[in-house]
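Written below as structure tokens is the structure these notes are about.
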Amino acid sequence: MIDLGKYAGTVLAAYGVSLLLLAGIVWQSWAANARARRELEKYEKNG
Amino acid sequence: MIALLKRDLALATRAGGGFGLAVAFFLILCALVPFGVGPETSALRPIAPGILWVGALLSCLLSLDRIFALDHEDGSLDLLATAPIPLEAVTALKALAHWITTGLPLVVAAPVFGILLHLPGQATGWLIVSLLIGTPALSMLGAFGAAITVGLRRGGLLLSLLVLPLYIPTLIFGTEIIRRGAEGGDPTTPILFLAGITAGVMALVPFAAAAALRVNLR
Amino acid sequence: MSLLAVHDLAVARGGIRAVEGVSFTLDAGEALILRGPNGIGKTTLLRCVAGLQLAVDGRIEMAEDSVAYAAHADGLKAALTVTENLRFWAQIFGGGNVEQALTAMDLTALADRPAAALSAGQKRRLGLARLMVTGRPLWVLDEPTVSLDAASVERFAALVRAHLAGGGAALMATHIDLGLGEARVLDLTPYRARPGRPPGRPAGFNEAFA
Amino acid sequence: MSIWEYANPVKFMRVSGAALPWLAIAAAVCTLGGIAWGFLTPEDYKQGSTVKIVFLHVPAAMMAINIWVMMLIASLIWLIRRHHVSALAAKAAAPVGAVMTLIALATGAIWGQPMWGTWWEWDPRLTSFLILLLFYIGYIALWSAIEDPDSAADLTGVLCLVGSVFALLSRYAVLFWNQGLHQGASLSVAPGERMSEVYRYPLYVSMLGFLLLFLVLVLVRTRTEIRRRRLAALQAREMRA
């Protein structure tokens, strides 16, 4: 583990918050897309 | 065109038009602030210009949705759109009517409310000047927001969300005029900036507002 | 010279073509009534002619500023009196005799009453009186006789007849018989847009992605 | 064949579908690689280990502005050339832009705490980003408030145009209002202020990663919007028939 010195909390918080937000938007985009595809396929199959 | 202005003024001042509500709201706002920050002059004086401007801004916001919503409901807007007056002029005139019934009373009332907030005497003149130059832009930008949200059922909250960020430059230069005036400095630069913004808004925003209205009428 | 000429018009409602291929002309002194089932696009077509909406395809030829449009909402202000309401629209459209319009729609006795105190039928009559004060030759009327009683419908027919006799024209959408025997009737049913994606520019999102 | 052919929804779906897996891999490698590389850089003699935040803060700030510019261009293409996919791309980009702005603000605040001794400073740059966030929120809210897609596309397009002018205006007004503590642009090319190479290369990788990530997200979200619109269109047609 690398030594972050006295600012360890600051750096880790910044990385944590950013990665969390990025993961959130990626997950939301992916989930919404999967849902839209499922619903469209269901509609096109049932006519 | 004068007829449209006259009708809007008549409607605003008659029963149910809501004339004067903005000033009353402004008064309440200015009366509440000392309860929040304390009655000392040292606490009130530095924030007075900001409170007066933010108060004017919020009071102005209250009546924005009436600019087009009522005319949309009763079909007047359809008829105005087919009238020989260009829709750009209609939006500008309606913004002007809003300014006369809301902005102008605020300008008149602000010096009195400035006393409540211990605004220094030499700043009162600059308060009037800054509001006089700045509030027309508030009405015109508000008319743009009202034009965008006119067809929506719950447009009121959205209207505030859209319009308030557009008010930031006006607010910044407006309070800067008073602050410099209160400190005995030279407020010419912010006055020029504020006047420039208002002039630009007057010249360009009616086109955007008319475009939004046309979309909402189809 | 016809007051209105419509060529191969297509109009869209909700982003989908409603009717297409509509053509007709309207000369001075003529009235045309549009008919068709609910939702076929009568209102949309009228709004296109009035210039409130863009046509998807086709041409509408007419002189500038010749349309007076009236729809379900009358554009009346409850706080203003009957005369004030009329005078406002007369000024906006540039002229027009307010007194004459009041007499024609039998509103003289109510002239100083606020519009808020009118019955639905009286409001409707005031809305139609507004057409007269616009001074425009082409009336575009969407369901003009809603909430009018039999006597008022007759008065309305007489008003339209007088307008036609004065060199005007009227384009109307209505369900009921107006007693205007001389009016031509155009049934929009055969012009209903074919389903499927037409060639050329889509009318809206619903057509672009269907 | 003109470039506008790609604005056709069917074609867009095909091309974007083929490109997405590769783009996604590249975005993941560059973003995670850039951030990890940045995390392992040595400490700065002045700022200590907080300098590592730059690899998140700067790319996010850059994308926050660029995404708004991209939305403006997409809105203009919609308003002028009426390409439906363009309007949907603008809609798809907005939430990504808002998240980027949020990251820039959050990392800025966390960084500012030890450097300036306060979580929030009304510094012109931070303030500008806060204002940008407000514009993103308003734009997203307007899209979700209007049911008719044609009106929504037109009105949000007009709002984006007017908003761009006022966002720029606010930027200069804020400079006038408060001079601020923020250091100059981190990639400044003026000699003497150049960033050390130890930091520069990971930063470039990270910036490329954020750009690719944005491309992937905007393509995925545009595809989502196209599918939603197609479903709505099919239902509308069925209802009409």
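Per-chain numbering from 1; labels A, B, C and D assigned in written order.
Definition applied: a residue touches a chain if its C-beta (ideal position, glycine included) is under 8 Å from a C-beta of that chain, and two chains touch if they have at least 3 such contacts.
Not measured: the values here are computed from a predicted model.
*Asks:* Going by C-alpha centroids, which chain is farthest from subunit D? Tell me that one.
*Replies:* It is C whose centre lies farthest from that of subunit D.
*Asks:* At what distance in angstrom does the C-alpha mean of subunit C lie from that of subunit B?
*Replies:* Centres of subunit B and subunit C (C-alpha means) sit 37 Å apart.
*Asks:* Please work out the Cα centroid separation of subunit A and subunit D, and write it as a whole number of Å.
*Replies:* 15
*Asks:* Would you mind pulling out the distance in Å between where the CA atoms of subunit A average out and where those of subunit B do?
*Replies:* Chain centroid spacing, subunit A to subunit B, equals 41 Å.
*Asks:* Counting only Cα atoms for the centres, state how far subunit C is from subunit D in Å.
*Replies:* Subunit C and subunit D have C-alpha centres separated by 48 Å.
*Asks:* Please output the residue numbers of subunit A that touch at least 2 other chains, ranges allowed.
*Replies:* Answer for subunit A, listing residues that touch two or more other chains: there are none.
*Asks:* Going by the touch rule set out above, which residues of subunit D reach two or more other chains?
*Replies:* 230, 234
*Asks:* Which two-chain combinations qualify as touching?
*Replies:* A-D, B-C, B-D, C-D
*Asks:* Subunit B touches which residues of subunit D in the complex?
*Replies:* Residue list for subunit D touching subunit B: 131, 134-135, 137-138, 141-142, 145-146, 151, 154-155, 158-159, 161-163, 166, 169-170, 173-174, 176-177.
*Asks:* Would you tell me which residues of subunit D are touching subunit C in their complex?
*Replies:* 9, 82, 84, 148-150, 153, 226, 229-230, 232-234, 236-237, 240-241
*Asks:* Using the touch rule from the top, collect the residues of subunit B that touch subunit D in their complex.
*Replies:* Spelled out, the residues of subunit B in touch with subunit D are 144, 148-149, 151-152, 154-155, 158, 161-162, 164-166, 168-169, 172-173, 176, 190, 193, 197, 205, 208, 211-212, 215-216, 218.
*Asks:* With touch defined as at the start, can you tell me which subunit A residues reach subunit D in the complex?
*Replies:* Those residues of subunit A that touch subunit D are 2, 4-8, 10-11, 13-15, 17-19, 21-22, 24-26, 28-30, 32-33, 36-37, 39-40, 43-44.
*Asks:* Which of the residues in subunit B come into contact with subunit C in the complex?
*Replies:* Per the touch definition, subunit B meets subunit C at residues 2-4, 7, 10-11, 14-17, 71, 73-76, 78-85, 217-218.
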